[in-house]
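Written out below as structure tokens is the structure these notes cover.
When the chains are written out, they are named A, B, C, D, E and F in that same order, and each has its own residue count from 1.
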Amino acid sequence: MKSSSSSTGFSHLDATGNARMVDVGAKPDSVRVAVAVGRLTCDPTTIRQLRLQALPKGDVLTVAKIAGVQAAKATSTLIPLCHPLALTAMEIEFKIETDGIVVKATARTTGKTGVEMEALTAVSVTALTLYDMCKAVDKGMSIGGIRVVEKHKS
Amino acid sequence: MKSSSSSTGFSHLDATGNARMVDVGAKPDSVRVAVAVGRLTCDPTTIRQLRLQALPKGDVLTVAKIAGVQAAKATSTLIPLCHPLALTAMEIEFKIETDGIVVKATARTTGKTGVEMEALTAVSVTALTLYDMCKAVDKGMSIGGIRVVEKHKS
Amino acid sequence: MKSSSSSTGFSHLDATGNARMVDVGAKPDSVRVAVAVGRLTCDPTTIRQLRLQALPKGDVLTVAKIAGVQAAKATSTLIPLCHPLALTAMEIEFKIETDGIVVKATARTTGKTGVEMEALTAVSVTALTLYDMCKAVDKGMSIGGIRVVEKHKS
Amino acid sequence: MKSSSSSTGFSHLDATGNARMVDVGAKPDSVRVAVAVGRLTCDPTTIRQLRLQALPKGDVLTVAKIAGVQAAKATSTLIPLCHPLALTAMEIEFKIETDGIVVKATARTTGKTGVEMEALTAVSVTALTLYDMCKAVDKGMSIGGIRVVEKHKS
Amino acid sequence: MKSSSSSTGFSHLDATGNARMVDVGAKPDSVRVAVAVGRLTCDPTTIRQLRLQALPKGDVLTVAKIAGVQAAKATSTLIPLCHPLALTAMEIEFKIETDGIVVKATARTTGKTGVEMEALTAVSVTALTLYDMCKAVDKGMSIGGIRVVEKHKS
Amino acid sequence: MKSSSSSTGFSHLDATGNARMVDVGAKPDSVRVAVAVGRLTCDPTTIRQLRLQALPKGDVLTVAKIAGVQAAKATSTLIPLCHPLALTAMEIEFKIETDGIVVKATARTTGKTGVEMEALTAVSVTALTLYDMCKAVDKGMSIGGIRVVEKHKS
């Protein structure tokens, strides 16, 4: 079985549908950037409480950001067919809205594979951490809109 | 500073807005169950391709399921203020729809804290793994609707 | 799908062959012990060199032992359908023979599931670590005979 | 103490028998490949049951494969004196025989050290995972014949 | 070799000086608390800069605190002969002084072993994280005074 | 927000005091070395007991050394804003004194960032492991003097 060819469009599957870790050894090292976003949707009351009690101190957003950065570094441990790579930068930003918090993650590396899974993982775990910290006051939250909004290499 | 009291509603924050890991030592051990769902939304063509090339062999769903189970076990490593706990069961189910895949995760433990973060983490990482395996054929996917649909203890 | 029943004999598979993490929530906590063994087979020259240069100092066996203990603690991270459990003791012993090293691992816990996978994982990683430390002088080694030799609960 | 010299043949031991992590900083980056094999030996009845109940669905082999790939990525965490390296490909194949399953793992990287420990670790953890999934129906299995069958760089 | 006896005073060493993981299976579950402290010593200018530029926002202390909490949960992964245990609470506090920052960590569990290593690990990694965040402005920092100041069970 | 500029001296903080992971993508790969030291201070009786019962066998120092090497490889997992990097060498040395043990760690890599955090982490976890192994005979130990003593690139 030759791992670098595939008759399906799914790069992680060989011609017979078996999952595999793609061989990226022949790819050149490029600077790669990916940006992903996602959103924790909650009750407006939760946002008001956060603004009053939590956001001034800042801990809520910082804890979530650190969780996202750490998860991004662990992406190849979490997503089985992802290649290990060394992130050169990881940035997480928040936008507080009246009924939710938007999370935006930018991942960068110099390597052989793209970093969209790192950006998506960072967004997901950042949002899960926000959820964890708000769940005592809001039982109806959800996380959604997780997607890649930008990806390029140079 | 006494960690078991809080003047805010946010259990992970003390009266001055500082993040903390709640003291659950006084809580009794209960059987706890939580069910979470989420959805990978993709192009109908992607689902058709999956049905043709990947689902018969089954690897795609199995890889995603294993990733979700492993992530659930790692929840307290991923979500900073989560308590470590020993899951007694973790189940992941899929529903293939015309333009997406629904992921449902059921977490169980006998312990001092609920397992909704474990269920939500399982759903998120299962969906991210599906995304990873389909991203070569579909650039417009998104993950959403991640929420708890059931939670109880006995 | 009810996770506690199975029409196959394989406890990790449900009636339709899907992998799953068995629900052990209803099992009582017992003291559980498992003993596993395995063997690194090498050239007699390698053992003579080890006796001369490495075993007096002891580092080779100690490094391998620590690797085995750490791997045993990580068993549920390595073996996807294993339940997390808290080992109460882990012991690794060696027997140096003329053309190999026997590794014996004893795992103990007070919990809901047996610890044979912990003992087997400890033996495997201990032997792999011995292999790693001897591979510069011996290209023909192999690891085998990994099996459970004792298992009981009380 | 200069870490790049050794009067013993054991590269992981210095002249006085102390374990150490070899300095590979001066080595050039090469494409490195290693292939390892191993075998789970079980009762022929177990193989017949697997063929009937588990192999059609495929989960058993896929779960084991994913465990092996993830373990390969974690090799430097498991084997203390192994250097961290970024695998560019990892392939795991199975051969079902009448009384056992042969596991073959191929690891590739572009880096300063060989990847035989990654291939051997993948084989070992894949076989342990197969063991875990069959242990409810077969108490007499063993794992053996774990060895490197091919290794080269270019 | 019986792992529960020792003719040396060192509980982690057997009668012949071999390292081992003590068998704690026979110990009762108790509520256990340990408090440890440590100090990052730096230039008074660094503290003044922190007060001006970093402490109002709070990120520096929060990042360090989260690192400490996460490290405490990982203690048995870091310290080879430590038993895995489930922390029920972990609190980290800071005292800013003119030429340094005091870190105080309180660990709690209900279990079979004490938690002083968890408290000490939390203090160490919290201080290392502070060091990391200040190292660009202060090349002469040091970390010291790491010790247990309180330990009891009930 | 541009992550490569900072109006504060703290490289891990942006102009508004937010923590971030610095972008090192533009830095060239260099050979980087860092040496850190630290000291476990204990009762002279503890050292005498160690010399009598533990040091001849060597396990105590070897276990601590392996813990330090493994922690160094995990630095970017432990220290949130550290970049992942592949250590090419890690050496840990001990000096036994009448009332303490000095730990010295030398880290090397070929990469974009310095390795002082790896060296400091190795020293800290090595000292914590020594503490763990001696705590049954000595309740008054402390760890201190953790600092970088050498750092250069070429």
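Just so it is clear, contacts are C-beta pairs under 8 Å (C-beta built on N, C-alpha and C of every residue); 3 or more make two chains touch, one makes a residue touch a chain.
Just so you know, these numbers come straight off a predicted model, no measurement behind them.
Chains that touch both chain B and chain D: A, C.
Chains making contact with chain A as well as with chain E: B, F.
When chain centres are defined as mean Cα coordinates, E lies farthest from chain D. For the copy pair chain A and chain D, the superposing rotation over Cα atoms measures out at 120 degrees to the nearest 5. Farthest chain from chain C, judged by C-alpha centroids: A. Per-chain Cα centroids separate chain B from chain C by 30 Å.
Rounded to a whole number, the gap between the C-alpha centres of chain C and chain D is 14 angstrom. Residue positions of chain A with contacts to 2 or more other chains are 18-19, 57-59, 62-63, 66-67, 70, 74, 80-81, 86.
Interface note: chains touch in the pairs A-B, A-D, A-E, A-F, B-C, B-D, B-E, C-D, C-E, C-F, D-F, E-F. Contact residues on chain A toward chain D in their complex (touch as defined above): 1, 3, 18-25, 76-77, 80-81, 83-86, 111-112. Chain A contributes residues 57-59, 62-63, 66-67, 70 to its touches with chain E in the complex. Listed in rising order, the residues of chain D touching chain C in the complex are 8-13, 16-19, 38, 49-50, 53-54, 56-60, 62-63, 66-67, 70-71, 74, 78-82, 116-117, 120-121, 124-125, 128-129, 131-137, 139-148. By the touch rule above, chain E contacts chain B in their complex via residues 31, 62, 65-66, 69-70, 73-74, 86-91, 93, 106, 108-110.
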